[in-house]
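Shared between the two complexes below is chain A, which has chain B as its partner in the first and chain C in the second.
This part shows the complex of A and B:
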């Protein structure tokens, strides 16, 4: 078994299993904690928790009007690399083929040139996020190993993917194997580090929306 | 801070208070640091340690030590005495639980709730400001943080009634509304008590004070002492139930409103058998019913939204409705309403003497807002905000004026004598 076989086979399979098990574990751990019953009387005319939660999930996709200036970079750059990652993951033909093999689902791919451009923009956006983290006294102070390690495992598949399609630095098969292995690391890390915010964002915003709406805020 | 620190008690308390909502918030932070932009303590000092997200760390650590993957294996770091000591200032002295950081957080984390739970854990361990704890213990032992015992309440009400020739009913049978007081008002701003009574009497409300449940402030909650929080809540609940009132009115005090309106039913474990109104909400209701007419108030002024009444209480519009039509020279400050800057003294911080210097720094944000609004008078509806700003005004020699919306309403009420 060569490196590519290992990456395509055991490595990615184990990573997928860890991802599924880890995500379910953390979600169940939270759900089993239980939610205290709120016996206060909601303010009249306010939406119920479900709709309030949904509204809050949507509302926080954009900066709060009061903090629009302060949030400008974080939201703009955040949108760029989140959307960039989504386009690269779900728009690139080889990725769609991989997902098709796994789930049977497929959809039309974007032109490769678009994917390369978006990949490059995403990498630059992630670098900008790191520069901001390091140069901002607040972000630097509150950052931990999780923040930096998560950054590394997030940008690694982008950079190795770009290297693979550009045939930069090594044989294509070797670059592809490294790319797949970097994805395996990302999938394994996702449930354990802050990448899990991909799930928590809905729970956290949703419950805050319900909490505030009950009070009429 | 007390001498003996029981770290295990803090860890146990964290475990008992962390349900799904707190755990979700504790795990969700992506360290974007935007909350610092919303926090007046960070803005006044530019010290990164005041970043609200940093206040999550003790609860997140304690939670992970018990429930995370490494925690299950006994490998996760546990909360330590040093953690508790290091975060004491951040959790007690420099967080008003005002919820402004909740507005800005892209993940929607409610750090005010995190702070409340962390205070409870720290108080269990014996960590917290001595003067804040003393205020809570005074409430438990003497009825109020400022020593307003039932007997003193009766004396002061008699004095105020005589002095102002006004009826201030106490333990009146058959009353439909129980009016509570903040001892800050009773001791420092008694005109506020008289003003509430004047307005309620004028509107023909059948109301009373109660010797059994009169103190609206809840320093048990503010200090993290859950047993005292429950005791203070129960005093009002039992008084209201004994009197059989339909409504309890909370005076000009933000946290008192927040605790009674949005927490009391959960603290006692059953729905309250009466409505809870902040005085501005109740007066707005009476105004809508056509019970009041006011003479014009022409002083140029701006309004400070108390965080627990507006941002976390949902009653920002009622204060503005009350001012509408007679307070003619109103200038909104920026930001305002639910986004308004906190006074810096809420959440019990006003009672912590060592926090005074940073409160005065925070006050500069407010005076700048007032100046930008182009006025010199700042009106509010919270005695604690007023006291915080009164003290800061004296310390910083600010020349503007501070006033209470209820007092302005009462002094501009058109009565039969005006005919």
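This part shows the complex of A and C:
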């Protein structure tokens, strides 16, 4: 078994199993925890929890006007790499085929050239995010190992993917194996680190919205 | 057959002009991407080459490799070179049979001790004492070891000899292995392919004849001259790959328009061979050009890489079972964690 066989076989399979295990474990543990009974009386004329939740999710897509200037970079850059990652992961034919092979689902792809360009922008954007984190005293102060490690496992597939298509540094099959291994690391880390926000971000914002609406905030 | 001192003399005898020969040699040289002056000296050296003793052993194989080389592009020249070198022993091609030819093999070995080349096609079965393939009452293993003992170099022709090939495909019922799994103390040149491109075989042999040394090899023992290029990098369908235009089946519109075959299982991106450049039958075509994805036949274990029609970017293995099991385990673990937390909370509330 060569490195590519290992990556496409045991490594990615075990990683997907860990991902699914971890995600369901955390989600079930959270969702079945049960909410404390809220004895307050909901304000009159406020939307129900569902709509309030949706409204909060929508509202938080843009920064609060008070912080619009201060947060301009984080806001803009954040959108760039999130959308970039989504385009690269879900717009590239080999990636879609990977998902199709697992789930049977398929959709049209973007030209590969577009993917390479978006991939490069995404990488730059992620690097900018790290620079911001290190140079901003407050952000650096509140950063933990989790933040840095999460950054590494996020940018690794992008860099290795670009390296593979560009044949930078090694033979294609070796680079591809490294690409897949870097994805395996990402999948394994996802449920246990800050990347889990991918699953919780809308849940927690919606929950906050419902909670605040009840109070009429 | 009459003996000729050199290859040049033999070619002249067959009415092949020096000019035609130099042209052919530079064709081979250009395929191997040799520098022009090296190419020229290959022609000169090749003309001076003395008869090279080659012993060709056929083990677990389908004879496709021999078929390929005997149907190569410029048959007269290549046949002549092939004849020129191969006459000592080749079970499929020689007319003689029986004890006599085993004797001929041993005689050739003794007469050219340390100088002869062993060419092997086919893999070697090791299971059950090697009974799955024998000739003259000897196992393939015994013949290989005996014949290679005094060889100058070994050429593994075809994927079976080079990497075990189809006989080694799961579940490998005969315990097939490659030549390199057995012979450790001789230079081994692997010319894999199922079958290999004829020019890769004759080019390598010509190089050996001309320069008396092993050409530069890659990490899998393949001459870089023929196996240095990635099919995907040299594929004329590559622009379709870059544009995201993929055939989805073998007779859809995309297939008719000549789009990329990645989705129907092409293994070009991880395969190294000269198919996309040298092509087959004198540069007429190659599998991808005729509409079928690359099978990756010049790579080890190409038969067991997850399926010829499965796109390269798919996981290989019992994914569904593994992930399904993990999903159940994850859900149970989550519910248990929630139950423990609730229990603790309610006992705290009571307490």
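The definition used in the following text is that the second predicted complex is superposed on the first by the 217 of 217 C-alpha atoms of A that agree within 3 Å, B and C clash if a C-alpha of one lies under 4 Å from a C-alpha of the other, contacts with A are read in each partner's own complex, and residues count from 1 in each chain.
The rule is short, and it goes like this: contacts are C-beta pairs under 8 Å (C-beta built on N, C-alpha and C of every residue); 3 or more make two chains touch, one makes a residue touch a chain.
These figures come from a predicted structure and were not determined experimentally.
Partners chain B and chain C fit side by side in the overlay (superposition on chain A).
Of the two partner chains, chain C is the only one touched by A:10; chain B is not. Using C-alpha centres, the superposed arrangement gives chain A a vertex angle toward chain B and chain C of 170 degrees, stated as a multiple of 10. Once the two complexes are overlaid on the shared chain, A:111 sits against chain C while remaining clear of chain B.
When the two complexes are overlaid on their common chain A, residue A:196 makes contact with chain B while staying clear of chain C. Taking chain A as the reference chain, the count of touched residues is higher for B when chain B and chain C are set side by side. After overlaying the two complexes on the shared chain, residue contacts for A:207 are found with chain B alone; chain C is out of touch. Of the two partner chains, chain B is the only one touched by A:216; chain C is not. When the two structures are aligned on the shared chain, A:33 is found in touch with chain B and with chain C. Contact with neither chain B nor chain C is seen for A:134 once the two complexes are overlaid on the shared chain. With chain A used as the common frame, chain B approaches chain C to a shortest CA-CA distance of 5 Å.
Overlap of the chain B and chain C interfaces on chain A comprises residues 25-26, 29-31, 33-34. Residue ranges on chain C touching chain A, taken from their complex, read 230, 232-233, 241-244, 246, 262-263, 269-270, 300-301, 305-306, 310-319, 322-323, 325-327, 329-331, 333-335, 337-339, 341-342, 345.
Within the complex formed with chain A, the chain B residues making contact are 18-21, 23-25, 27-34, 36-38, 42, 46, 48-49, 51, 53-54, 67, 69, 102-110, 113, 261-266, 269-272, 275, 311-315, 335, 338-339. Those residues of chain A that touch chain C in the shared complex are 2, 4-5, 8-10, 12-14, 16-18, 20-34, 93-95, 97-98, 101-102, 109-113, 167, 172-173, 176. Only residues 25-26, 29-31, 33-41, 43, 46, 56, 60, 64, 66-67, 70-71, 74-75, 78, 133, 136-144, 147, 192, 194, 196-197, 200-201, 203-209, 211-212, 214-217 of chain A touch chain B when the two sit together in their complex.
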